[in-house]
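What follows is a set of structures to go through.
Next come two complexes, and both contain subunit A; in the first it sits with subunit B, in the second with subunit C.
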Partner chain A sequence: MGSSNSSVNNIPNAQELMQETGFSAAHILRLHERFEFLDKHKCGQLRLVDRPTNQPQDFGAVQELALNPIGDSIISAFFSPGQETVDFASFVRILAHFRPTDRNQSRDGAQQEPANSSIRKLKFAFQMYDQDRDGKISRAELLQVLRAMLGIQVTEEQLQSIAERAIQEADLDRDDAISFDEFRKSLEKVDIDHKMSIRFLR
Partner chain B sequence: MEGDFWAAAIWALEIWLYLIISTIMIPAMFGFSLGISETYMTILVQTLEWATLKIQKANADERTLKSSPSNGLIQREDGSMEKELEELRRSRPKPPVGGDFTLSDCFYFTRRGIESIVEDEVTQRFSSEELVSWNLLTRTNNDFQYISLKLTLVYGLGIFVRYCILAPLRITLACIGLTWLVIGTSAVGLLPNWRIKFWLSEWVHVMCYRICARGLSATIRYHNRENKPKKGGICVANHTSPIDIVILCNDGCYAMVGQVHGGLMGVIQRAMVRSCPHVWFERAEMKDRHLVTKRLKDHVNDKTKLPILIFPEGTCVNNTSVMMFKKGSFEIGATIYPVAIKYDLKFGDAFWNSSKYSMVSYLLRMMTSWALVCNVWYLPAMHQQEGEDAVQFANRVKSAIAHRGGLVDLQWDGGLKRAKVKESFKEQQQKQYSSMVVGDDSSSFFLSSLTV
Partner chain C sequence: HTHRPTHTHTHRGDTAHIKGVTRVNGDVALTHQESRLNPSKSNLNQTEHGHGSVITGIPIVTFKWHHVETPYLVALWILVAGLGKLVIEANHHVTSVIPESALLICFGFILGGIIWGADKVQTFKLTPTVFFFYLLPQIILDAGYSMPNKLFFSNMGAILIYAVIGTCWNAASLGLSLWGCHKGGAMGDLDLGLLQYLLFGSLMAAVDPVAVIAVFEQVHVNEVLFIMVFGESLLNDGVTVVLFNVFDAFVSLGGDKIDAVEIIKGIISFFVVAFGGSLVGFVFGLLISLLTRCTKNIQIIEPGFVFVLGYLAYLTAEMLSLSAILSIVFCGMCCQKYINSNMDERSVTTVRYVMKVLANGSETIIFVFLGISAIDKEIWVWNTGFILLTLLFVLVYRFIGVFFLTWILNKFRLVPVELIDQVIMSYGGLRGAVAYGLAVMLDENKIKEKNLMVSTTLIVVYFTVILQGITMKPLVNWLKVKRAAVGELTLIEKVQDKVFDHMLVAIEDISGQIGHNYMRDKWNNFEEKWMTCILMKPSARKNRDYVFKVFHKLNLKDAMRYVTEGERRGSLEFVRNETAFIDFKKKFDDDFSEVMPDIMADTSDDYSDTRDPVPSVSLEMHEQTMNGMRPLEDVNSHHLLQQHLYKGRKQHRHRYSRSHFDVNKDENEVQEIFQRTMRTRLESFKSGKMGVAPLKHITKHLKKDQQQKMPNGKSLDKSKTYHSGDEDFEFSEGDSASGFEASASSFPMRVTYRAGAGIENPAFMPDLDPMAQVQIPPWLAEAEVDSSMVAPSQRAQLRLPWTPSNLRRLAPLRISAHSTDSFMLADAPAAQQRDNDQLPPPPPPPAPPHGDHM
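Now for the complex of A and B:
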């Protein structure tokens, strides 16, 4: 596919995006093609839901996402609270979280934490549970996500039992919710850089 | 003066037609070859090899040549759900009670979800495959870099040859082929049902398809012809374009299955069915699955009728993979003869992207490509085994075809590119995950949580 720099210039803010996210020009181009593919109505924005039916709109075109148990949570992550559309820049910024961590990257303290750092990846995963973005995973939120992941395969009692144990394990300050720090502590042994990264080719 | 001009034009046209008939049609009709297309193909292959070397040499310093001809933007992890979740959970011991759930489980699903947003396996298969190296066609040239004068000249010459010499020739041939198909089959249809009618009908069909194949400069290599489909069976193949029919019918006669169309297609369909039985359905009949199955069964059980040709994918795919086979043809209980078709991309991309090109513009693109080169493998016949249902049988046949043709075997339904995913697929995922969380024996789970 065309990878010459001249066609990247047709994309607004391409250079800034490349700087900010670390994607190469070729990646930005491919992601833009993908964005345009998902943007069926050609309005430059991806939309959250189709108003009359409340079905996932543009992301609904991706079959594999439709059968992902937390597909809805993932889609919501693209949209800022209250927003129902997402433009290309935001689309790329979210995807930047999944670039492999640059191990030897040295940066001065003034620079913002890069999108693909371990902390940012962890925050993204936290958001999968913390749907209302209040900084805490409440019991109700955890139950909701568990129900989405397990569907009708488990009973209500089993669900409650699972949630109970998960909170007991992670909730250190006994406020019946899991804060981001508690989340991080509970997962400190997991190799998040590897598990939450996608290898982008060329 | 004008009269002279027209007389000259008609004379030129006559010469043109006589040339075509003698050098291309007559050999095609009788199945021998004068060697013209072979010479053309040899020249073409050598030219493309030369061009590839030139481009590679030029790009060697810049390292812009891709190492693998993949369409992919990302590298997918191939681990199963079980394997990946096990790895995620390794960092802590399994709890005795309350299910084996950990907060890091979502990492797996999140990553899979994001991977599919960036690139999903289904959509990939509905765009043309990418070439390893440019094949001197304008349409595949995404990244034009001036390399050398010679290359550009050859490219220009190629355009002239393809559009001004080959295309008119091919269009003429295709028209002749189709006209002859209609006339020939109608003529044969007038004969009473003597033995000779079947023989003539087959001959007319094969002849017309051969002319059409010449009309596309098709070079077809058939492998394992001892496995060719026999009467009373069903021939099953992967689908890339409507030209698949021409490719397969060059080497034998099949009964077609399909919907009755109007217009030109309808004329052809009606003519064909006069000389030998094909299975054409009205639009309304196609909805009734029992009716369809019954008609196919009847055809198959009549041992004098030709093998049926079916493309179970139901849609054209880009020839890098085989999508889910619809189980309808596998429920009939007949012998299945699988066939794998693989096109060589260098000479022309045969994939029909029906959302991008109409049939006519697709055919024109085909006629202005270099040629059509493909391999056809006849696989040994397969039967439905004991205890195997239609879906499993279909998957078994699909794997065999994919394996032989060097294609990727996918379980996705190609028809779903326009429709919604079934709930049952999502339930499958949930089921798989829940067996990792609560285990299959949910009663012990419940008991152990009571003892706490």
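Now for the complex of A and C:
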């Protein structure tokens, strides 16, 4: 641990980050390496797009993302609205959503929900759809995700009806959109901890 | 049982060499299930018996018991087991306390007692041949075929650890401890050495899939726990058989000849047998998938291939002395995806059902015979020390093994296995028929205490299946084990599942981890690219998307409910009575139901008109209302209708065909009728919404309709069942005519529809189709283009647009327009209705539009 700690110290705010996200020093170090690998300009920030060319920047280095149907939504989830760059701290904070939920952590009410709690995880998932961040998944937004995922195999009409049906299933207050509460209710039976966690290697 | 001698001798011939190790020595058995194997031979023997006597004249009737004895007994036993299950399942409050498997064993005790009382010897026993060749394969095949693959592979590591290491641990610890106790003098004078104890340990080691499935099916534990126990029980059968064979070989070899080389050979053979078996299964799985690609023309027997090839996978592995169980498991797991999309939907259903029938049937037989086998004086050798210690060790080491392995696994698992789950897992270590089968296979010459081992195995089986089985449910309740979420399939959940998958992959990519999701994604891509290409029909490849399938399934369910509901509410009244829809709607919540009545209001009458000429069950309804109508007109219209309409389907009904199910060949007719009616509804609804006057350039479109042969999908099938169900083709003449007249007086809108139709039925006059529309709705247009391009057997998805739920999709569009039409009236009662009582099917409220046109 000694050696890794020393290098962790080179990362700004490493201790606070560890505290906040629950990542260990080794995790942080590893993620930092990854961050630097992605950060080709070495400016400590990942950019959403390259201004002049409008090409996807930085995250474009991850080739698999280009194949991922919802890759774009995920990339944009890293950037808070209006921002075009993300620094290491935010990067880690986003990834922290995907840590497995700590079970036996005593939760004092004063403290904010950790990022890896089920509710925060769900919130993140919700944002995958809710591109305009108005707190509702509209039909168009759902359709967009569906279109990306189902793609060529399904006709537009069928997509429409799928979206329609999905909304009807979840939509309790009949506003033709899914609010976060409705979203949560519809996924009540899903084990979010299982479904939204990955193992971070040390 | 006078037949016993003949029986014995025919059985000798094919006492099989299961696992190539031992000869079965139980002489009389659950008799020849194997009549399948060599029917000619045994039948010949018996035929000779039957005709052996000198014929003195032509007997009119002869009693030839021996002629039919074997198959007769087999069939009888199956019947008896089935009836036993029937009786047991009849008492729900009993089965909710005591699991069925335990009851079946007890039922077996009783039967065994009766037989023993009559024969003074146990005539029927479960022999390894019968068990391993005729009862086990279908259970395992079913398990593999219905295995939730994704869940299985994401817990693969844990399952393998439990199955391999856990089983080895169980075998070794039990064998060694018993040996130790023997040395310590706990069980008196037994002629058993260390190797024999290890052999015994290995046959007791495996958790039995049959018993586990039977018990866990009734307690709905969470899916991870379930897959762990279930997966383990499947895979460790393979392991235990291998272990058993290795130790059996060691025993035959004798203690002194075993050196390091032999042990290493044993270990190698373990891996070869396990992986080889899996490989054989994999190959056969691919074979099945490939085969079902091209069985389009022999649909009626395509389900058969699945079973035959599955069984062949089992036998092939057995022949190569590889693990047959693993082979058939993997065969089922591999082919499930491909055959489900390659085969016709009905064939898939058939496969599923037959699989369940076979598996459930043999499970029942296995448990009954486990019970029967106990009532036999010959096998019972009592040794208190041995038996009690075995019981104790089996239980204790299972707990220790599971806890220890889980402790290690939890260090690596993303979501650790909880303590409670571990308890259930340990407690769910039921032993069953596999152990018994192996014990009976022991060679008496090599192991003097065989009977002791058999009786101990039986006791362990009874103890675990009956006692642990009974206590499992209370324990699960008491420990508050996380249960499986039982709920309806919802689309949003499935969509979200998929989003989760993609999201995790993306996050792993971004954070540079090569984790589980990454691997799965890679595999999926590979599979997408190669396997589906080779193994799937091109037409099936098109619509195989998971979410879409769920959607399709939901739609089918809706369609079924739609029909059931309609029929329940009084024949087909729902077709023409808008109020009948309220109940159906209820589920889809209110914003839909607000809209639905007016769809129905302006379509239902059209619909009924188009339907009436087609013979329909529900004519009485209409007839009553027609009673007072002009009889003259009835006669007129009767002639007209006879000339212009399709024939009733009645005349097609009695055809018998061995290779086809659909008796009604005239699909064009059915489909056109259905298409029209559906289009009628959609169009009229649409025009109502848009307030556009119908134009008339749909004609061309309709003609195309008539030519094309629409494949029959589920939605259409539904409509077909209506038609073909029309036994009484009582033509209530004048139906359409008077109905038309009446409606003409009621609604201006409908008048415009009908104006051109004259006395002829509007629905079947293409040129005068009342529904001529501004444009062909895109979904109709698209499906038609599609279906004219692809082969007629294209699966049902294409026809989705006709399922009732699509009306629902349309429904909300209506909201905006809904003040523009004259059907507000229809809304009011419907909405009230909904508010008043949500639950019970509402009685049809007075429906103004309908009422006044009558």
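In the analysis below, the second predicted complex is superposed on the first by the 197 of 202 C-alpha atoms of A that agree within 3 Å, B and C clash if a C-alpha of one lies under 4 Å from a C-alpha of the other, contacts with A are read in each partner's own complex, and residues count from 1 in each chain.
Note that in this section a residue touches a chain if its C-beta (ideal position, glycine included) is under 8 Å from a C-beta of that chain, and two chains touch if they have at least 3 such contacts.
All of these numbers come straight from a predicted model, not from anything done at the bench.
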Contacts of A:170 with subunit B and subunit C, given as first, second, both or neither: both
Touching partner for A:34 - first (subunit B), second (subunit C), both, neither: both
Partner chain in contact with A:146 - subunit B first, subunit C second, else both or neither: both
Contacts of A:193 with subunit B and subunit C, given as first, second, both or neither: second
Which superposed partner A:42 touches (first subunit B, second subunit C, both, neither): neither
Contacts on subunit A seen with subunit B and repeated with subunit C across the two complexes: 30-31, 34, 37-38, 59, 62, 64-65, 67-71, 74, 95, 98, 125, 128-129, 145-146, 149-150, 153-155, 157-158, 161-162, 164-166, 169-170, 178, 186-187, 189-190, 195-201
Subunit A-facing residues of subunit B, complex: 64, 66, 70, 72-75, 84, 87-88, 91-92, 95, 97-99, 101-123, 130, 142-143, 412, 416, 420-421, 425-431, 433-435, 437-438, 442, 445-446, 449
Parts of subunit A lying in touch with subunit C, wherever the complex brings them together: 30-31, 33-34, 37-38, 59, 62, 64-65, 67-71, 74, 78, 95, 98, 100, 103, 125, 128-129, 142, 145-146, 149-150, 153-158, 160-162, 164-172, 174, 176, 178, 186-191, 193-201
Contact set on subunit C toward subunit A in their complex: 222, 224, 414-416, 485, 487, 490-493, 495-500, 502-513, 515-517, 521, 525, 542-545, 547-548, 551, 554, 588-592, 778-779, 782, 800-801, 805-806, 808-809, 812
Subunit A residues touching subunit B - in the complex, by the definition given at the top: 1-4, 27, 30-31, 34, 37-38, 59-71, 74, 95, 98, 124-125, 128-129, 145-146, 149-155, 157-158, 161-162, 164-166, 169-170, 178, 183, 186-187, 189-190, 192, 195-202
